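Look for chain A in each of the two complexes below; its partner is chain B in the first and chain C in the second.
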Partner chain A sequence: MRLGELSSEEVRTRLTQHEIRLRVGPFSISVASDQPSFWPAFHFLYQDFPLLEDDVPVEFRIGLVYPPGIRRWFRRQVLFFLDDATPFEPFTSALALPFFEWGFNWCIYEHVYEFLVMHAAVLARDGKALILPGPPGSGKSTLCAALAFRGWRLLSDEFALFDIASGALFPLPRPVGLKEQSIGVIRAFASDADVGPTFTDTRKGTVAHLRPPSRAVASADEPAMPHWLIFPTYSRDADNKLEPLAKASAFALASESCFNYRALGVDGFSALSRIIDRCACFEVAFNDIDTMVRTLDQLATRSERT
Partner chain B sequence: MTTAQTMGLSPLLRALRTPAEAIGFSVTEWETLLRQGRATRLLGRVWHQFSRAGILAAVPDPVARRLHAAFVEADYYRRTLLWETDRLHHAFHGTGISFILLKGGAYAAAGLDLAYGRPAGDIDVLVAQESILAAEEVLLRHGWEHVIDDGYDQQYYRRWMHELPPLRHSVRDTELDLHHAIVPRTSRLRPDMSLLHAAAVTVDERGTRVLAPVDMLLHCVVHLFHDGEIRDAFRDLVDIDALLRWLGQDPDLWRQLVPRARQLGLERPLFYALRYATKILDTPVPAAILREAAVGAPQVPVQRLMDLVVPRAMAPELNAYRRWATRLSTVVLKSRAHWLRMAPPRLALHLARKSVRRLIAAKAA
Partner chain C sequence: MVNKHQIWRVPDYLQLRWQSWGEAENTEFVVFNCYSGETHCLNLTAGLVLQYLETEAASAAALSAAIRQALPAGANEDALRQIPDLLHEFDEVGLIAPVAP
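Moving on, here comes the complex of A and B:
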């Protein structure tokens, strides 16, 4: 059963009185929340996600609830819980959904060591994965959102999860965070894009979330093998041309994009070596989404022919 | 102990005491194990125990991934401690200062099973009292920096504590505590440090030194029962359990235990450690040793109180921090630790100074 099959009344009741247990990529999570702003946004953005089977334990138990005392009424705020711990200061109540996304990200980069975790967007065509590493501001989320509506399957807009032994990428499709101008860019680019509520005045400015395409969520248990590794940077005076990158440089850049490369030690080194070996590596400075989408399309078609 | 008798125990305790029992865990019990293990930072340890018990295949996938991840993270800390040990040899080479590793660093260097899956943060180093300032200077020359700038706090450490103010490495970010004793100067316990130095043992060809096995246990025991960090107390008890099991492999070490504690004046903390490790973690200790250790037992009313509060404060129960009994037990134990570390008049003076300084700072701001 998917979350979207529950009525909004049912979602609200479960979130406030108990919890909602979901499978999100390889992870099993539960969410509880007494935040009215959270219920509809969560219901909308996560509608395609499957509810957890009864016999599967939850690994991240997340809560978004009012802090005790006066802050519930005065300067409305919300606390993020992982189990019984509150790792962050309270946040503005109206921003409960972005806070959830951000806190869930934190769970992954703080606690996940069973995969090699890279800060990257991942898409795939015919089981071949395109990895776009990049810090915030590199434009990877915008590019990723655009590609997800032009024949590429969305695996993740934030985390590349590599199996350490095989290098296979585990999909983690989730709402794609769009900032500032990107929101309009994606709305204009794909008229069928479903964008959730817009949140103003977050720490990252205006933020909205793209609902992940249903088919991406439906194939969240189908891994893909690394095939292209492209380091994008957004820049006003860019030529939008892919520049081949030497494997050694790609390795150095990629290791810096990982959250847990050092902690994995030798295993991290061998895993990343295998990944780089498999990939055609490029860097690109871009400023035009349409050109980029066409370029990457050609890249994928060329690889089909060879 | 049979399964029936352990039914009332929390999943984390059951997993640590008898890993095989976890095979029958319900979904709720697995989830509770994750919560309790995360709160006490023992998930990596649980993975290690399951792996040794050969029951990993019976662990549901999400739980297995969380346990494994915690183990991998802890193992990174273990390797970090080994690297820091290497850097200490490098720094002290040719200075004539010899150092002894304590706690996590020592377990890692000695290759003890206890070092696996154990999340360690700081590296703890012991040097002779007369060389501590020289040792500090050496470390400051090798990239270590003071974490605390405040003059009063610095002085507080130097005057009353058993360690210098903490250091952090400017590049590697590791924290280091430089000790000259195993209890604060203000404590009522006065173990003779020269005995510990004399008995220290070398564990590798590079000359890395750690406390003698029995002393290593006694240090851990003092740390648990004379420290204010009740938050980490359960993890300390798990260390004690592992150290006792390790000592237990050598009957000669068992026989040394109580006499050594008496020689160092540590019979009381040893008594408590044996009592609660056996009670809470079912640590195998020969009855003869327990009888011998009873010389360290307190007056009956005190023991009753401790029996009431220690298991409550330590045993990780569901929502442990919300239960009033746990909170009260924690307060009792914290007050006790303060009492033992610092006589009340001196504590009052220290707190008064701190508050005056805070007031002045607030006014200045």
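Moving on, here comes the complex of A and C:
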């Protein structure tokens, strides 16, 4: 059963009185919340995700609840709980959904060691994965969202999860975080894109989340093998051309994009070496989504022929 | 600047892991130091120098002669003049240590 098969009343009741357990990529999570702004947004964005039974163990037990005291009633705030810990300062209650997304990200990059975790968007065509590492502002999420509506399967817009032994990429399709102008760019690029509520005045400016395509969530248990590693940078005076990148340089950049490369020690080195070995590596400065999508489509088509 | 007569070697406890890409003069190396957890990207000359010192102790002068022999045809021999600087950098990041004569 999927979350979207529950009525909004059932979602509200479960979130407030008990919890909802979901399978999100390789992770099982539990979510509870007394935040009215959170219920409909969560229901909409996670509608395709499979529900889990109450006895399934979870990696992350997340709560989004009012703090005790006056902040429950006056200038309402929300606390993020992981189990019984509150790792962050409270947010304004209206931002419960983005707080959940950022907190869930934190759970992954702070606590996951069974994968080599890279800050990257990942898409795939015919089982071949395109990895787009990049810091916030590099344009990777915008490019990722656009590709997800042009025949590429979305694996993740935030984390590349590499199996340490095989290098296979495990999908983690979640809502794609869009910021500022990117929201309008993606709405214009894909009229069928389902974008959730817009949140203004967040720490990252205005944000909205693209609901992951249903087919991406349905394929969340199908890994893909690394094939292209491309470091994008958004730049107004870009030429939108892929420039080949030497593998040692790609290794250095990729290791800096990993959250747990150092913690994994020699296992991280071996895993990343195999990944770089498998990938054609490029960097690109871009300023035009349509051109980039065409360029990456051509790259994939050439690969199919060889 | 290092003493040109100083003998250097990669300490046994480091346990280096190697990965290389490219061919001939375009070869690049990435080396992982299991002792420190640091990763280093090296060009051809630097990689050959460190690999040599992993198996044998040598001075800058001895290294220069050995690496000249090991460089593939077409490689830029100007890089050999950088060996003293390379040794200084390797010493600073703990990849090599002086050996008593």
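Methods note: the second predicted complex is superposed on the first by the 303 of 306 C-alpha atoms of A that agree within 3 Å, B and C clash if a C-alpha of one lies under 4 Å from a C-alpha of the other, contacts with A are read in each partner's own complex, and residues count from 1 in each chain.
Here is the rule we use: contacts are C-beta pairs under 8 Å (C-beta built on N, C-alpha and C of every residue); 3 or more make two chains touch, one makes a residue touch a chain.
These figures come from a predicted structure and were not determined experimentally.
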First (chain B), second (chain C), both or neither touched by A:F251: second
First (chain B), second (chain C), both or neither touched by A:R262: both
Partner chain in contact with A:E114 - chain B first, chain C second, else both or neither: first
Chain A residues touched by each partner, larger count belonging to chain B or chain C: B
Partner chain in contact with A:V58 - chain B first, chain C second, else both or neither: first
Which of chain B and chain C A:A85 touches, first, second, both or neither: first
Touched partner set for A:S28, first chain B, second chain C, both or neither: first
Touching partner for A:S270 - first (chain B), second (chain C), both, neither: second
Which of chain B and chain C A:M1 touches, first, second, both or neither: neither
Chain B and chain C contact sites that coincide on chain A, given as residue numbers: 262, 265
Complex contacts: residues of chain A adjacent to chain B: 26-28, 54-59, 61, 82-85, 111-114, 262-265
Residues of chain A touching chain C in the complex: 246-249, 251-252, 255, 261-262, 265-266, 269-270, 273, 276-277
Chain B - residues contacting chain A, complex: 27, 30-31, 34-35, 38-39, 60-63, 65-66, 68-70, 72-73, 75-76, 79, 319, 321-322
Residues of chain C defined as touching chain A within the complex: 17, 19, 21-22, 28-30, 32, 34, 37, 39, 41-42
